[in-house]
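Below are structures written as structure tokens.
You will see two complexes here that share subunit A, one where it goes with subunit B and one where it goes with subunit C.
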Partner chain A sequence: MNWQWRWAALKNGFQDATAYRIEFFFEVFGSAVTPAIIQIMLWYALFQVGGASQVAGLSYNELIHYTLVSTLFTQVRGGNNDFELSEMIRSGALSNYLLRPVGVVEFTYIRGVAPKIFIAGLCLVVGIALSFFLGLNPTRILGAMGLAMVGNIIHYQLGAILATAAFHWEEAYSVLMVKNMLVAFLSGELIPLTFFPEKWAWIWKSTPFYLYVFGPTQYALGKWTDAEFFHQVLLSGLWLIGFSILVRVSWALSIRRYQSLGG
Partner chain B sequence: MNTLIHYLEIYRVQLKNNFVREAVYRTNFLTTLFVDFIWIVVEFSLFTVIYANTTTLGGWTQPQIFFFLGVFFSSDALFTVFFQRNFWVFSDLVNKGELDILLTKPTSPVFLALTRSINITAIFNVVLGVLIMIKYAGPAGFAGGLAWFKVPVWLTVGLFTALHIRFFSSVWVFWTDRSWAFTHLYYQFFNFASKPDTIYPKAIRFLLRTALPFAFIGSVPARALLDGLSTTEELGVAAVLCAFFAANGILWNLGLRRYQSASS
Partner chain C sequence: MNSPNSHLVSNEPIISVRDVKRVFRSIKKAEGLKGSLQLLYKPQYSEHQALKGFSFDIKAGEFVGLIGANGAGKTTLLKILAGLIPPSSGTATVLGEKPFDRSLSFRKKIALVMGQKAQLWWDLPAVDAFDLLRAIYAIDQTVYRERLNTLAKLLDVTRLLNTQIRRLSLGERMKMELIGAILHWPSIIFLDEPTIGLDVLAAHNLREFLRTFNERERATIILTSHNMDDIEQLCPRILIIRNGELIYDGDPKTLTNRGQCVLKVRLMEKPTNEELAAVCSLNLSQISRPNGGKVPGADLPEGTTDGAAHVEKDDDDEFSEMAAAQELIYFNIERTQVAHILQPLLAKYRLIDMGIDEQTLESVIQRIYEQSPQTAVGASS
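Right, the complex of A and B next:
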């Protein structure tokens, strides 16, 4: 295992993402605050305007806590590096990477995950500070952040599989856009997944998306027992293995169509 | 009158050029439809799940929210048809000096900057939004009949609101190296438009109807169509849009003075 290029890619990815520091922090701050405000307003409308005392078994305070904690994990969930892969294939820029002694899928991930690792560290500090105010267990925040990082990898693996559509179809980015929309909804980023009536719960349970935000939040808030958490960690391990096989197979099969001028 | 004919003629030529381009990239048509359709499905699913736990949200029943979504999608799709692509390359006009070519033309450069690219295929999304409105009009309590004539008026209000806010978020490129941060902020605030404004507390609601009038894209038009607005509210909408029009005009002219061709 050659760690040298991986470390270089990580450093390079971080420098690249933070080259425009103000924009970087602006993006992180904006993408955390605005959705959180909208979500809190939604709870305000349901409880303060609508007069509800509980929604889907959750009180107003519980939902506010959900929003505050889930916002931390939303920042860590996968980025858009899969779009980068898709664009490389479409434009023919992939050729440059094929000549290098690095795996293009892994290289692109490492470059993209660098700022996320930094953000995860920041969110962990904020989360631990928050845990004292909300009465949460700081070790659970740590474990939940670990699960969120695994979710980040799964998200990218799925993106890398879908990006191979670019070998066959020029507009393959649309598949990634659709994936991101579904992830936003089924990861628990917009609303807690407990809002789903029991008969529809299979929808989110049959994807790994809930492991990105909803799962870590449930564990951090103490809604999952340690046993349930480890069960979910095991499941995420299975998703990781399954997707890594699919990444290899889909790239090995699709790259045969590559013409160096585009997919 | 001659000026109007002159601009209509330019627009006709732009439309023809865009039609030719869309005919070449036919798969783009299906892609646009597919992605927007999924976006609509996700928004509908979100509200369906929320309404599985409550009967009203900020005073809106489920059919009323779906009617609002129809108005919002149509309004947003109209913006996509006429202006969106032009804003994707707006910063290049200044940063790469591409504005030079527009300044040499014997017509308004801002008109050319905002009308060069037209996404004709997105018209189908406008139709999709209108079909949603038609489906939920009755259960939402929409009066129907002659009231349908108000729909294009309010969709136009939504279109021009989006245009003015987007322009306001982009014009700063004359002063900054990159307008990306403002664009990002625009899309963050745009999320406020995808929910009815009555769910927000008074202070935010006021902001969404004045300084950041995202409520005029879908929420206020939907309310105007379902319940009607008071004269004060209608005057408020007109005043805010006029203020943005004036501010954008001033900023554009100030920006042009600062423009130094390639990378101002």
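Right, the complex of A and C next:
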């Protein structure tokens, strides 16, 4: 394992993401605050205006806590590195990376994830501060953030697999968009997945998406035992391994169709 | 290894190409909305054969120029040799490997520079990109400093290293791209129109650098360029590609044969080549008519050029109309023969106009392009 280039790529990606500092912070701030406000308004409407006392077994306070804590992990999930891959395949920019002695899929991820790691650090600090107000265990926040980061990798791996559609159809944009919509719904960032009726719970349980936001939030809020958490960490490890094999296979199968346009 | 042995090894071809063909298949879209709809339910494919069977060898340390009109297949060939795309059939071997396998050691030893393609990150200054490349290739810090210094000084961009790439001019950016492409001191460099956008001095400096790099590091360099100065000054060997076919492989000097020139004439009469050969006492092979004589001679004086035959002109006296309609005749002769040929020619025929073309590489190449019009390019359904 050569750590030198990985570290350099991380540094480079961070410099690139923060080249326009003001914009960077506005983006982070805006993407955190807007969905949180929408959710809190929704809970307010249900409970204070609508007069409900519980929704899917959760009280008003519990839902507010869910929103506050899950917002931290929502910041960490995702990224558009998979869109970037697809665009590079379409435009031929991939050629610049294919000839460098690094794996293009990994390289793109490491460069792209740099600002996310920074954001994860920020969210961790905020989360630990928050844990004192909400009476949560700070070490659980730390573990939950770790799981969220693993979720970030899984999310990219799936994106990288789907992006190979661009080798065949020139575009993978719509495929990736559909995936992102599913993720928004099934990761638990819009609503707690406990809102799902019991007989449909298998839907979210059979994807890795709940590991991005819902899982970390459950652990941070103390809804998962440590044993349950380690079980989920193990599961995420299996997703990680399975997807990394699929990434290799899908790229090896598709790269022959690469057109390398331009030049 | 003993020195005689290493000499032997270096005589082995470092690049070996055998009957390489490449076909591109693309979806054909008819015009307008109807075409878009048709694309959905019945996509039509068109195939284009970009390379039609190439074979050649290149030895370590050679400097080879690749010449061809737009769309001839130069970039396609470089992409195959660099390992970006596989050949449709045939085999290419570079550094003893199949380029398309792109093994780690292979990638560390080659570089591909594309003039029209940005490789660096636009929002960062060049030094940041170079530093990342240093880490990627695990280049020693002191060696890296030295190389960067040399390259930046040579291309005169030292003061721009800390400027965001997006703020640089086209030529300055090109220079940065070049530095980024060769920082790892590759043993094979593929250059696709590297002097595009460079000023005269920078192009000169780049040529000097490539020459030195080729000589001192024994790097193998393949270069495509439309600038014949690049080719003439650097390449003892050229490959000429026309419509995906390799039509010349050899020394450019053989093509430009010093002392040779082309006498171009247009006559009122219409003598056959045989008659002309007899009158001027030349070999039949020395007389030619470009493209059956139908192409207007681009090098002749104004008034008779640019398809004047089809254009209504203001001063449409009979003579110029007639002149434009006449065939252009090329005499491939020695410079010293010009007078000997003109005398009998003028005695027997009425001359409309004439011109002499020096045998520059440029003119030779131009004539080669003219010999087969590019109308054949396109779909071969």
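In this text, the second predicted complex is superposed on the first by the 261 of 263 C-alpha atoms of A that agree within 3 Å, B and C clash if a C-alpha of one lies under 4 Å from a C-alpha of the other, contacts with A are read in each partner's own complex, and residues count from 1 in each chain.
In this section, a contact is a pair of C-beta atoms (placed from the backbone, for glycine too) under 8 Å apart; a residue touches a chain by one contact, two chains touch by 3 or more.
Computed from a predicted structure; not experimentally measured.
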{"item": "Subunit B versus subunit C as contact partner of A:178, first or second or both or neither", "value": "first"}
{"item": "Which superposed partner A:34 touches (first subunit B, second subunit C, both, neither)", "value": "first"}
{"item": "Which of subunit B and subunit C A:50 touches, first, second, both or neither", "value": "first"}
{"item": "Contacts of A:101 with subunit B and subunit C, given as first, second, both or neither", "value": "second"}
{"item": "First (subunit B), second (subunit C), both or neither touched by A:5", "value": "second"}
{"item": "Subunit B versus subunit C as contact partner of A:20, first or second or both or neither", "value": "both"}
{"item": "Partner contacting more residues of subunit A (subunit B vs subunit C)", "value": "B"}
{"item": "Overlap of subunit C and subunit B interfaces on subunit A (superposed complexes)", "value": "20"}
{"item": "Partner subunit A, residues of subunit B touching it in the complex", "value": "27-28, 30-31, 34-35, 38-39, 42, 45-46, 49-50, 52-54, 56-59, 178, 180-181, 184-185, 188-189, 191-192, 195, 198-201, 204"}
{"item": "Complex contacts: residues of subunit C adjacent to subunit A", "value": "24, 75, 79, 82-86, 102, 104, 107-108, 110-112, 114-119, 121, 123-124, 128-129, 131-138, 164, 192"}
{"item": "In the complex with subunit B, residue positions of subunit A that touch it", "value": "20, 22-23, 26-27, 30-31, 34-35, 37-38, 41-42, 44-46, 49-50, 52, 55-56, 169-171, 174, 177-178, 181-182, 184-185, 190-191, 195-197, 200"}
{"item": "Contact set on subunit A toward subunit C in their complex", "value": "2, 4-5, 7-9, 11-12, 15-16, 19-20, 92-93, 95-96, 98-102, 256, 258-260, 262-263"}
